[in-house]
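Let me begin by presenting the structure, written as structure tokens, before commenting on it.
Labels run A, B, C and D following the written order; every chain starts at residue 1.
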Amino acid sequence: MHEQIWPYVTPGIPDDLFERLPGIPMSKCEVRLLMIAHLRLLPNSVLWDIGAGTGTIPVETGLMCPNGRIVAIERDEDVVELIGRNCQKFGVKNVEIVVGSAPECLSTLDHTPDRVCIEGGRSIKDILQHVWERLPLKGRVVATASTLEGLYGISESFAELHVRNIEVVQSAVNRLETRGNRQTFAAVNPMFILSGEKLE
Amino acid sequence: MHEQIWPYVTPGIPDDLFERLPGIPMSKCEVRLLMIAHLRLLPNSVLWDIGAGTGTIPVETGLMCPNGRIVAIERDEDVVELIGRNCQKFGVKNVEIVVGSAPECLSTLDHTPDRVCIEGGRSIKDILQHVWERLPLKGRVVATASTLEGLYGISESFAELHVRNIEVVQSAVNRLETRGNRQTFAAVNPMFILSGEKLE
Amino acid sequence: MHEQIWPYVTPGIPDDLFERLPGIPMSKCEVRLLMIAHLRLLPNSVLWDIGAGTGTIPVETGLMCPNGRIVAIERDEDVVELIGRNCQKFGVKNVEIVVGSAPECLSTLDHTPDRVCIEGGRSIKDILQHVWERLPLKGRVVATASTLEGLYGISESFAELHVRNIEVVQSAVNRLETRGNRQTFAAVNPMFILSGEKLE
Amino acid sequence: MHEQIWPYVTPGIPDDLFERLPGIPMSKCEVRLLMIAHLRLLPNSVLWDIGAGTGTIPVETGLMCPNGRIVAIERDEDVVELIGRNCQKFGVKNVEIVVGSAPECLSTLDHTPDRVCIEGGRSIKDILQHVWERLPLKGRVVATASTLEGLYGISESFAELHVRNIEVVQSAVNRLETRGNRQTFAAVNPMFILSGEKLE
């Protein structure tokens, strides 16, 4: 049997280990760590990852929850293939990839999610509305925003849906990066991570 | 059997779930996530945590590596008790707490470490020198610095010891916190996290 | 003639040179620099500073625009005295202090403002509405927010009022500070600074 | 007489108002504000700007100190021309541009500097050594670093030269920027700004 590319029990796979496509968004390692932490996964959690992009969240969570089930939702067919290739590269077998556009496609999904991660999507309010209806008690939702509009939309929806134990963090990490022959501090673009749970 | 306080497979335990003592340093949740990620723990890793403070790293890593072994090293007896109470609170059973001052006490430790986390200690260079001698090939070391002196000391030692695949990140997270009746963005104080591995 | 406390032509007076009162907000030096920059003051500008707090903006702008006129608006009488003491300490003579609550008190102000700085105030939308009516063409407004609600309120008002050339920056400075006998990196709490101008 | 491009008394000229050349470094607006603040210019200060690059510091300080004198030192002839064009664009007439490599060229400079800004240069320690010999009492020096090596070099030199009232700040600003049809928070790369003065 060949060696695993990520044999570790800890998350935080370096960005450059993932296969990438130009223009396809990827949750950077440091932001991903905060998303995963706020998901608070149980060993057998069912996770929906909406707007899965490069597939870093499915790969990391698939590895951490071998007895869980991850549903990666992505509308772009090329990107769907990319997610598949990244799952294969890391030997992740419990990710189901759904080609579709949220929120419409969500009603076709069989399993009720315990956790929902929203990495993208045009109509964040509609998506959150649908997600909230499907989410069971004690379910958790994590959503990211890099824009003011996204931050507003998620925050307003959370309030309207009576999401509980809301947490908002803004990631702002600097990395020492090699540029030419110098090691320069470079900022990873800031990202807001909003999370909360359903309690009633 | 009573319910576990942290039943999740993901790290990132909120700061306020830990028992604390005034004046005793604690690695904040967002910084801890970066430390854990850079440790890259294997299921059976032996981890030394030098300057364990409140014990957040022993608790989180103890939960993630039930078949691993964590050695928490702390010179202050009161703090040692605090680590013990936090391990008990979270039901962590694979943490051995050593009362002692690094680097002197390190030579008394039986098990060779696969991973070393350095959260504190006066003479960071001496500690790193001792750690490096004990670390096997493919071993990893992670150290944090909140001061310029710490950043210099670790960085210089890493260069002198020929630490490989060095990574330096600076965590700078903002949290939306409730202060009075307002929700204000508050900065978690920045921390440098340096890591690398032994390859020859 | 006695020596001036701040003889420099450049802004950025250190925080600890100002007299302070416990609980009274103060725009920190690094945030103040961004506010002043976005005000883009002319030598003879009339500036309204709404929610002047400790009076750092009146002092700095008063020094930079000796031929300008600064109206500092503050509802709390104790704080009004503090602003006065800080103006006196720095030898600033072109600051008029108005005791009153915005937006109500704004209609009593004689001079049309060229620039408006909004550092506080309960009803940010009402304040911006009133300010916008008084602001002449080419006038500029700068407002700060430390909360999500503030950020939303200002951003929405700017859109409704058709504020032009809107800029949003978030300040997130770390300072090396002496704590005990160590020099530690400490974060200045983040602040959003929104600015724009009236062009039609 | 034609209209001035920057008629304001406040610093903080937007980056895109400067003429630029590909690959030539430019101190970004928010970093520049911190540098200018720490320079603490007097109306008639003589400022050396070493490694002037795009010339943003000469332009801003030239405008703020019409009775001062700015000496911009730059080794690359193409860059020297760029500085000249930017001074002309902003109508700045009190900037003298010196083609030369620091520290060698510093001994050829006639005027003793009251303030020295170090934006670049290979051998930061040699430059600081020369600068310190020329600097009179009450003189101030400001230096920037984007790398660990730069941060170390400046910090060590400051200690060796007994620089007083040392301040270290790290700028970390996020801007809301238009990318495609979205407004995204983008980080300005972090920069360390170190400053201090000569008191004995």
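The working rule: a residue touches a chain if its C-beta (ideal position, glycine included) is under 8 Å from a C-beta of that chain, and two chains touch if they have at least 3 such contacts.
Bear in mind that the values here come from a model prediction, so they are computed numbers and not experimental data.
Of the two chain pairs considered here, B-C and A-B, the higher C-beta contact count falls to A-B. The interface of A-C is repeated, with over half of its contact pairs matching by residue number, by B-D among B-D, A-D or C-D. Separation between the centroids of chain B and chain C, computed from CA atoms only, is 42 Å. Distance between chain B and chain D, defined via averaged C-alpha coordinates, is recorded as 40 Å.
Chain A and chain B have Cα centroids separated by 26 Å.
Looking at chain C, one finds that residues 148, 168, 170, 172, 174, 176, 183, 185, 190 touch two or more other chains.
Of all the residues in chain A, the ones that touch chain C in their complex are 148, 151-152, 155, 168, 170, 172, 190. By the touch rule above, chain B contacts chain C in their complex via residues 146-149, 172, 174, 176, 182-191.
The touching residues of chain A, when paired with chain B in their complex, are 7-12, 29-30, 33-34, 36-43, 64-65, 167-176, 183, 185.
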